[in-house]
Amino acid sequence: MDKLLEVNELTKQYSQGNVIARVILTAADHVSFYIKPAEIFTLAGESGCGKTTTAKIVLGFEEATSGTIVHNGKPQTRKEKVWITEGVQAIFQDPFSTFNPLRTVDSYFHETVQNFKLARTKQEAIDHIDKKLRLVGLSYQEFAGKYPNEFSGGQLQRISIARALVTDPKLIIADEPVSMVDASLRMSIVNLFKKLRDELGVSILYITHDLATAYYVSDRIAIMFRGNIIEMGSVEQVLMNPRHPYSKLLRDSIPQADPKLRWTSTVTLSELEQEEYLRRGCKFAGRCPEVMDICKGVVPADLSVDGVLVKCHKYSDTQKG
Amino acid sequence: MTFLKRYLIPRLFQYFLVIWLGITVVFLIPRLTPNDPVMRMIGEMRGRGSTLEPGAMDGIIRDLTQMYGLEGSWLDQYWAFWVRLAHGDFGVSFFQFPTPVNKLIATAIPWTLALLLTTTAISWIVGNIIGGLAGYYSRKGWSRTLDAIAMVIRPLPYYIFAFSLLLLFAYVVRWFPITGGASLGAIPSLSWAYIKDVLWHSILPALSLIILGGAVNFQTMKLFVQNTNSESFVQYAKMGGVTEDRIVSKYVIRNAILPQITGLALSLGQIFSGALITEIVFSYPGLGMLLYRAIINGDYNLIMGITLLSIVGITTAILVVDLTYPFFDPRVRYN
Amino acid sequence: MKILRDLFRDYRFTFSFSVLVIIVALALLSFVSPYDPTLWNVVPKDMKPSVEHWLGTDSNGQDIFWQATFAVRNSLIISLIAGLVSRFIAILVGMVAGYKGGWVDRVMMFISDSLLVIPLFLIFVMLAMLVRQFLNLVVLGLMLAVFGWAWDARVIRSVILSLRERDFTNTAILSGTGTVKLVINEYMPFAMPLIFSNLINNIAWAIGLEITLAILGLVNLNIPTLGTMLNWALFYQSILLGRWWWILTPVILSLFLFIALYWLSTSISEYLDPRTRIQRVGA
Amino acid sequence: MNNKLTVLRTEQLKAFYVLDVQGTQKVAKAVNEVDLAIYENEIYGIAGESGCGKTTLLKALFNDIILPLRLIGGKIFYRIGWDEEIDVTTLSPEEKRKLRLEYISYIPQGSMSVLNPVLKLRETYEDFIASHVSGQSREEIFELAYKQILELGLPKNVLDVYPHQLSGGMRQRVTIALAALMKPRIMIGDEPTTALDVVVQRGVIQMLKDIQKNLKNTIILVTHDMGVHANVADRIGIMYAGKIVEEATTELIFGQPRHPYTQFLINSLPKFGDKNVRSSVPGSPPSLANLPSGCPFHPRCPHVKEICREQMPGFTQLDENHKVACWLVGEGNHG
């Protein structure tokens, strides 16, 4: 199978405190997944599940404690910046923080063109930038010489996507790209992702806590919990019929924009986040409605159920049989 | 992680490291300067017109070299330096030869401590209270007036401010005595008359330190309070209908004071330097005056003694202030 | 131009700007002085202010007005050297510590913290005692610079630390921008106002320390500065002998200079700080 | 339905931010001629995008108008008892303070910074309670507080800790418990679940609904999340550019939205099991400081007519629970 990006057994540990007193937290624990060309892959989960950490490592902003990342068959090394060699770009959560408020927005575009030697003349550069802006529904005239505060959040997020496109990347990493964009404009961003995939063949690693847009836009999805991928497969399978108890809980907790689908059941909440991180067996065992004895002591294996990866003891029998 | 391991031990480690660094710098300064302190000393003796025979000169050079601890390699010297310090031996003074530096410092220190501790405490407490209230009621007239006064006093260096006070209150209007820690000829005793005399003499130096330090505390506290005032927890308390006196004391000032504690620790070195200068201006018989006499007389040993002692004293005082900080901020106490 | 117009709305800026213009003009006047500041007994001693000698003359037989122009010039030179060189160190240390992090940061911050904690005045006294005869303007300025960067390095570091967390850092990295260019392009514009107002404060600090050291006789007393002028005035007991014009000249000059510098730095930093700008709006 | 008791009512409420930016006056019309009537025993949702003025409207409803926000016109009525309505804009600061927490309470956006970091939660509780009751009843309320905490499923030692020791969800539930403690007639929440994770958000929403059911009071909830509105609100007001443009029961807003803006808003929401293409509202929301003429939505509206550019439509009452301000709906009924 053709894999654009392959992440193998990625682990990231942070140590807190000083030399004498140290606590080690595992933010990402043996995370493995791959992304195919022209595919939107979602990494979903609540805050602290390790999805952003994983993205930062894939971008080379942080270093993994262990594990490998392979771009197009070539392993990612420390020296070569991936966005230069492998065409990986990113867009961020807060559009107002993506661009320096004291600089004009177009300066970033020209800088990128210069740094990557994408044009020989000024006019060529402008044409190149204009082409990218038109993809997101803007034009060079509209934005040249303007500062970030002269745009709305939705516009800035689209400009941010255009900037990522300047280098013609194969992969765009989008970390919560719509969570700070107003609901009425959110779909314009999400639809852009589809367009990039279908028309330009760009793959997108979509990182979000919003399962509804994930369902709408992505092909495959991985659900993370406390550093582990606990379920991974096609969005139809994972979101329409979640297998892992946590996936079910997460899916059911998304408030549906339909008064007929109000919640009827109640949830129990975990109070001690750190305790869940340091838990020995399945990290969800503390509040799993279907908990078994084995869950508290043994880490469940990655099982394949109907082509979906599930990290849960509940399915160990089906696996054997 | 326990509080001890997380906060206390690293802090103590830092304390000893700073002392080590400071003392090493003091050790290195005479050795790194392009100037042999012994020869300079000889030069100064010549300059004062004393003539010596060549033989006696060699003897003096040897004595001085020994006294400065300049014998042997730098490493030997460094070791000997620490051994002497460990014995609390700062050598002898030149201008009051052969009184040990220790003894001179010991007579001066109570004066400085008394002046410094009271003025620092008063200026910190008064400055913070007034600054806090002025910050909360920053739109009131009295707050603006105080702010304007602080704007004028704050930038003045210790020497200029103390000297201006002296000019004003001791020469122009003769309200206070010009110089000294007590009247000439007064005999130290625990009598009321003597204490009154000492207090009377200390009013002007103390006042100059309190006003200047108070202005700094006033301004920073005012700013902190204005910032704290816009914090969500203050807004939230207001929205919960908490009474104003509770908001001012337990929400605004209680939180705004935290950076002031750290600020006090950080500025103790400057406050101390300022106190020395103030003593010189008012001829107040503390460490500053001793330092002045040492400078006038080129008494390097005495200056070094005062410096070393000050480094240890100041860092210890800062440590004490820093260690009280967790009592005020639970976030440091519990991870 | 609009910025200047806005700044002049603040009476503190107007005041300090005018005072500084006068003081700089005074310093420039020294270049056309009819007297050599190092020569004594060029005019009659101890004259009261008159048409001929605007601020009178001193016991060394020097004209106080012209002596003051040299004093102001030299004090400004020392403090500018101290301010600019220490700014250079502070920016370098602050940026490297803030951007690099890790042990580089820890070592640099330990050194700057130590400098903040140690009573620097005493260290200066020791140094000055030993190198007194070498203490010309430049050496004194450099000496003050070597010890005067600690606070600002900390401030710049904390600015960098908070900016490093903002996404535009990553945007710049993804645009292929190198580290040095990134720090200069992205962070310096934020740090500049702070650096500028700290520069002014640092200049004031350097002038103040020079005065103190000069009064203690720890600098070359033949170079006229605000400090050495005061030293001579005190040496000749000008207060007791009623020669107020002599002592008051350096005292009043320094009072105005310090207040002007401080007001300049506060008015500029208040103008540049968006939060206080809003506060002013509401008043 | 309309025989329901109105507990909070506004008449042509206008609250603008008046800013003096370097000499030029800037007016942001955050709340512009809003008429609201909110009933007893309901959860009323206010929905809208960032910068539509919904938080400002909430502040105005809470009668918390602080510079640079100014009340330009209109009235705000609270119902006290059965038949007495008071215009709260005329109250003195002390009268306003007393109403808070007892009559109308505020649930902040869940964040670390709303609780005083240096006080244990017990002390915060104590400040809030003691500001409203005194003497013996104070103890009773404290007992009540502990009982309530157990009832709401919070750990019983929750008051013995400092805010930073709690998770975000726990802190948020404590602030909700505090808001409900004195059984206020109205509770107001500003995005109380926005900062929370989805599972925690669900728990907090549950708690809000439980409290409302028990107290039979009124909750006014501002959030941009239509999913949350669908789950909790009885009625919803859609706000756009400082105005309420549509108001109806939750079923009608989601089932039969009539204003083009509401229609876009509802139709752009993704749903599980439905991959049909959804589109956004074209264009960008206007700046409150520079509103378009006529209906503020007209530059983005696909059905724009000549009159939309010239005149702001009034409300059309479609039925007793549904009103819309749009020229496309019920033409000719506009006043």
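A, B, C and D are the chain letters, set down in written order, and residue numbers restart from 1 in every chain.
One rule holds in what follows: a residue touches a chain if its C-beta (ideal position, glycine included) is under 8 Å from a C-beta of that chain, and two chains touch if they have at least 3 such contacts.
Remember, it's a predicted structure, so these values are computed and weren't measured experimentally.
Using the mean of the Cα atoms as each chain's centre, the chain most removed from subunit A is B. Between B-C and A-C, more C-beta contact pairs join the chains of B-C. Distance between chain centres (mean CA atoms), subunit B to subunit C: 22 Å. If you average the Cα atoms of subunit B and of subunit D, the two centres end up 55 Å apart. A straight line joining the Cα centres of subunit A and subunit C is 51 Å long.
By the touch rule above, subunit D contacts subunit B in their complex via residues 62, 64, 97-102, 105-106, 108, 111, 113-120, 123, 127-128, 130-132, 162, 164-165, 175, 178.
Residue ranges of subunit B in contact with subunit C, taken from their complex: 14, 17-18, 21-22, 25-26, 29-30, 33-35, 37, 40, 139, 151-152, 154-160, 163-164, 167, 171, 226-227, 266, 268-270, 272-273, 276-277, 280, 291-292, 295-296, 298, 300, 303-304, 306-307, 310-311, 314-315, 318. Contact residues of subunit A toward subunit C in the complex are 59, 61, 81, 83-84, 89-90, 92-94, 97-100, 102-103, 108, 111-112, 115-116, 160, 163-164, 167.
Residues 166-168, 170-177, 185-186, 189-190 of subunit C touch subunit A in their complex. For subunit C in complex with subunit B, the residues that touch the partner chain are 12, 110-111, 113-114, 116-123, 125-127, 129-131, 134, 204-205, 207-209, 211-212, 215-218, 239, 247, 251, 254-255, 258-259, 261-263, 266, 275, 279, 283.
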